[in-house]
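Quick one: the structure is below, and I'll ask about it shortly.
Labels for the chains are A, B, C and D, by order of writing; each one numbers its residues from 1.
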Amino acid sequence: MRKWLVQPDFVVERDPERCIQCQVCVRQCANDVHSYDPEDELVSSDSATCVGCHRCATLCPTGAISIREAELEFHPNANWTAWTIRNIYKQAESGGVLLTGMGNDRPYVNYWDRMVLNASQVTNPSIDPLREPMELVTYLGRKPDQIEFDRSNGGYSVKTELATQLELQIPVMFSAMSYGSISLNASVALARAAAEAGTFANSGEGGLHRDIYPYSKNMIVQVASGRFGVDVEYLNRAAAVEIKIGQGAKPGIGGHLPAQKVDRAVSETRMIPEGTDALSPAPHHDIYSIEDLRQLIFAIKEVTHYEKPVSVKISAVHNVAAIASGCVRAGADIVAMDGLLGGTGAAPTMIRNNVGIPIAVALAAVDSRLREEGIRNRASLVVAGGFRSSADIVKAIALGADAVYIGTGALVAMGCHLCQKCYTGKCNWGIATQDPYLTKRLNPDVATRRLGNLLRGWALEIKEMLGGMGINAIESLRGNREHLRGVGLSESELEVLGIKPAGVGA
Amino acid sequence: MKRIYAREEYCLGCRLCEINCLVKRSKSRKIIKAFRKERDSIVPGIQVEEGERVSFALQCRHCVDAPCIEACITGAMHRDSESGAIVCDEERCVGCWSCIMVCPAGAVRRGRERRVASKCDLCMGESTPVCVEGCPNEALIYEDR
Amino acid sequence: MKTDSAKYVIIGNSTAAIGCIEGIRSVDPDRSVILVAKEPCHTYSRPLISYFLAGEIDAERMHYRPRDFYDANRVDARLGLAATRVDPEQKIVETTNGSLHFEKLLIASGGRPFVPDIPGIEASGVFTFTSWNDATVIGEYIEGNRAKRAVVVGGGLIGIKAAEALRARGLDVLVVELAGRLLPLALDAEGSRMAEESLRAAGVELECSTTVNRVLTEDGCVSGVLQGNDRTASCNLVIVAAGVVPATGLVAGSGIGVDKGILIDEGCRTSVEGIFAAGDVAQGCDALSGESRPIPIFPNAYHQGRVAGVNMAGGDASTNGTFSMNSVEVFGLPTVSVGLATASGDGYEELVHDDEASGTYRRVVLRGDRIVGALFVGDIDRAGIFTGLMRQGIDISSFKDLLLTEEFGLISLPEEYRKHVVMGEAIEV
Amino acid sequence: MFQLRDEKDMGGCAISGIMSEEGTRFSGADIIRSIAVMHERSNGLGGGFAAYGVYPEHADRYALHIMCDHDRGVEATREYLEATFRIVHDEPIPTRQIEEIRSRPILHRYFAEVRPEIKERFYDETEEDMVVRVVMHVNADIEGAFVMSSGKNMGVFKGVGYPENIGTFFRLDEYEAHTWLAHGRFPTNTTGWWGGAHPFGLLDWAVVHNGEISSYGINRRYLANFGYHCVLRTDTEVIAYLFDLLMRKHGLPLELACKVLAARFWSQIERGDPESRELERTLRIIYGGALLNGPFSVLVGHSGGMIGLNDRTKLRPMCAARSGDMLYIASEEAAIREVCPSPDRVWMAEGGVPIVGKLRHAEATADA
């Protein structure tokens, strides 16, 4: 289609001094940016279709390729930015909805960057994680308020029957990414890495492919509005079940896996006909109220013989505290919340960029609310949506999270370059695609190792930060907002977050 | 012995292995110079074969019962006692191409610069062959099976 | 007369003999080996004599194995000692100096050049061309007589290599071939045409469908030849390259089964227990044609020798299908001919790819779903893939159409065989 | 109420405790000498004592030690108390006038019983719950008034100054108790104030502690789930409430309470036998919010005796000694030797392992 007003987003530059005409770039670009002319024996590039994924630049053996943002400047205008104008051109030509992938890229306040952590000095000693034990083990699931026990021959024995808990060696899990939206190699890598690191990966609503079975003890399976791949075996195979109500990137919106991504394997796994669109309705059509949710939660608990924790995933919206409280009272063992920066394989740009609230404030509100209601022990809080580093995670835990879901971070570890074109199915990194020519680019062995390394690195950093605060067990940080201080935050923001401004002492 | 194994399910067909091999075999060992000045005179010891969906890199298998050694009329084609790799002694090879005639993998080529058989020598001396080292997807592995 | 004895006795010192030694030692590291050969020199590679005569390589590079080969393999090499007779009854090999008792014997006496019985053939200046000595004396004769012009009788492998060597020495050369074309056994008509072109381009004259009826002499020395077509060509050097025949002399009347050559099975065993034969002297079964005939080619000699050696030492090896194959460069034009490369007619299907522009010619001969012959002229790279397919008897019906295409490679092969080759650690051939 | 700073107390301290397990009562002179030895561990911004068995004549009544900024506070408090309590007897807490102690608040004590009709009205609450509620209200809502202690047959005496001076000031040499706790304070970030001095008392709990609880933030929020409001923002207060929650409300025996407050590492728990493993695992999972993290050595007094506890990595000093039925626990051995030159046994407390002093005839002493 002729797009005469839409200009390329990027400019691909090839340094003739360095290009050796080896054509690696030609073979790597699924968007046909690079081409080789045998007559002139020359490799050349057409920027028009470049998505800025850096695949070519990364593999170019001589570093001959560089990619710049297109310099075509519009007349300066604070409101009508190039971005807004280009969007209108696109829609004026397509008449369609603007689509995008990955998380919100708008410059909202990032609260993790507005909070700083504490460290011990003099009055109490910091702890060196390389010399002293430092405990990150985390248990997710419903907990009673108090223990019951029997006195038995001199000792004590537990009477309390603890609900099944998920044991995490590090309070970081891989968030829901469905097989279909990402490749099988990527799915397998996530599952394997989770198993190796002693944490959990989430199937998303893509069902559970046979190749994931070996790791299903480390899988949380999702029951979403499309019910793809859901049956009794599916529910019982996993470690826990998550009912997906919402997603940070598109609160209130359903999902749509285009037919061309539904190949044989995907159709088998999702239990839908090959080559048909996989449509997840916006709501669950059997959940129009909190009591409906309770019914589904207990239906799942029945089917799984009350052996699997049931999580409810909601997107962080204005009234999240009340909603979360409702979920807990409806029987959720875990409440997962996905915030404004949460990622996706495909979402309408305007929804992604404008609906929902930042996860930090949602978390603070929910944790406080549950404590006020005295039901904080009844469910664990897992938060998702734009966690970029171990520091973000430590801050989230200090605010009150039990654990964190990372999606984008994990994809980036596997090679994702955040080009935001997941929805095209042409992921040059072999992650968000089903094209066998592209999927084989992601060697699960390599991806698993890289994910494992990321978790290992973050675990070390988290331990260092804990030690600095004079804490040697993660539960002593959880909800411990004394160790957080705000910088550049308004009174009201500080109040919502329940933290003091930097400069105010203990 | 350690051999190079190709995992075609992960081969990108990027041909960086060929490029790295070529550079390794160049005099300059500098990629840009090697391609500018020596490209036509060097035959890489590894070749990527690419089909519709499959691609893989192929190099000498260093067979146990090596037909190339049997067919070699000069004794130039021999097994290195240490590495077990099959290498061609270019000082003795006369370029009769008997090895090419018998290699079932088609992994021996005619040298361009010299009239001698050209093939993979597992990068004698290197701890890991450069093709394996440089494979961005670990589709080539170097191990003892 | 003294009688030495050894566990293993080997007659011959060429490719098959070396293969045999390496075969024995792969199984039996220490028991005694005696090797007898009438040529006095360290083992050398016969195909190299043309390169030697041409001056491309020196004496040092003639050697097929390192100087310490015999010691390293603990072989008692009796060089310059000719075996004269084999006595299976007493397990004795008689030599020009004493006799040798053996437990296992390999006869690898090779072939002898066929010399047609024509007048003047005994004249000085007439040579055969199969041994290092031949190459040496020819060289000396050229120097001594300032030979300027040579006639090569026979346009086969040896003839062409001889012509090449002589040309390299600066002589004018005429090749006379009885058949209608050059290399009639290895190449088909088109292949020969291309070879002839290359030959002539190198300034060599060629006359086919004729022969030499008489060698003309002047006081005992060659002065020219009279051809079948009554034309005479003057020359002062004649090389007879009319092929070789198995040198079976020393087993005559011994009771060892002989046809054209010494008959062997796939284990290289002769009709007599404990006695093996390999190389140009032996006659085995052609895996492709099924007929029993000598296949006097280099790889075959080594392979049979090795198989014999392994079996002599108590191992269990067999020649997995031998068939003829030749890789010959005709004045810089590479040719590879494998199996029944020239076969045609009923039962055979021919696939041909002729690319004048690039000067490459390919011909594949099929019988049913199997390849039985392949011919490559010009671009011979990867010819081995076809040899492999022939050896393994792979059904090619699924990729028949790709066989002669540019992009043909292992990628075109059935996955199982492809993986076997690509991943294979030990490709059995 | 006192002007409560919204600042958490932290700093180094000296602690000392002496008890007779037989319940033999003895004068406060020893504990004053003992704590005085560690003068250097305090900075004069706070000292205090807890004494058990000091009011045999009112043994079964709540002894409410109150400090007030002004008379209005005294009146308001009395008024409020009388709504819940029948005040059997009350008097100013006797003191000596010594120059080291200045700007003292009004110090008063009440001996009271919960009115029967109140018990009926709040049938769903235990008597202790009512007392806690009242104490919290006074501390939080009655301006200028603060409850130092609210247990039976015990009392807390504390203020701003070096502990030995506070002891003299309160004439503790004239009291007799079977268990004495003392605290000398070294606050690093607050100007001392009487209410903020230690021990911290609630019901018959009295806590003195040395250290800083890095988990304070979550411990405090955890307690809030169970209706405890930490108005003082001191670690000591948090520790007292945790003991109250675990032992009184949840009925955990002391050793389990200690496994919660100073839980063993997962790796140690793993090494235990299956039963203890399940017990400790379950305790940690349920009571993660109650884990006391960071360096501390704490002395807890209660009607049944005295407990010494060190953090699980033993980051603060605590020494103990026994001599006959006497148990001594202090920050420094010198503080023990001062009053017991040659004990039968002296040892250093182990991280996370409580040192327990059990009163043998609690009831006997009660009505002695």
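In the analysis below, a contact is a pair of C-beta atoms (placed from the backbone, for glycine too) under 8 Å apart; a residue touches a chain by one contact, two chains touch by 3 or more.
No experiment lies behind these values; they were computed from the predicted model shown.
> Counting C-beta pairs in contact, does A-D beat A-B or the other way around?
Most C-beta pairs in contact, of the two: A-D.
> Based on the averaged CA atom positions, which chain is farthest from chain C?
D
> Measuring centre to centre with CA averages, how many angstrom lie between chain B and chain D?
Whole-Å distance between the two chain centres: 80.
> Which integer distance in Å separates the CA centroid of chain A from that of chain D?
Taking the average C-alpha coordinate of chain A and of chain D, the gap between them is 47 Å.
> When the centre of a chain is set as the mean of its C-alpha atoms, what distance in Å lies between chain A and chain B?
Computed from C-alpha means, the inter-chain centre distance equals 44 Å.
> State, to the nearest whole Å, the distance from the C-alpha centre of chain B to the C-alpha centre of chain C.
Their C-alpha centroids are separated by 29 Å.
> Can you pull out the residues of chain A that are in contact with at least two other chains?
none
> Give the residues of chain D touching no fewer than two other chains, as numbers and ranges.
In chain D, no residue touches at least two other chains, as defined above.
> Can you list every residue of chain B that touches 2 or more other chains, as numbers and ranges?
In chain B, no residue touches two or more other chains.
> Between which chains is there touch?
Listed by label, chains in contact pair as A-B, A-D, B-C.
> Hey, which residues of chain A end up touching chain D in the complex?
Going by the criterion above, the answer is residues 120, 122-125, 127, 132-133, 135, 137, 139, 143-147, 149, 155-158, 160, 162, 165, 371, 374, 376-377, 398, 469-473, 475-483, 505-506.
> Which bits of chain C are touching chain B when the two form their complex?
19, 45, 47-48, 51, 56-57, 61, 63-65, 298-299, 302-303, 306, 325-327, 329, 334, 336, 338, 380-385, 387-389, 391-392, 409-412, 421-429
> Which residues of chain D touch chain A in the complex?
Per the stated touch rule, the residues are 7-12, 188-189, 211-212, 214-218, 221-222, 224-226, 233, 249-250, 252-253, 256, 263, 265-267, 275-276, 278-279, 282-289, 291, 293-295, 312-313, 315.
> Going by the contact rule set out above, which residues of chain B touch chain C in the complex?
Touch list, chain B to chain C: 3, 5-6, 8, 49-51, 54-56, 58, 61-65, 67, 70-71, 73-75, 91-92, 94-106, 108-110, 145.
> Using the touch definition up top, name the residues of chain B that touch chain A in the complex.
Those in contact with chain A are residues 7, 9-16, 19-20, 31-32, 35-36, 53, 136-139.
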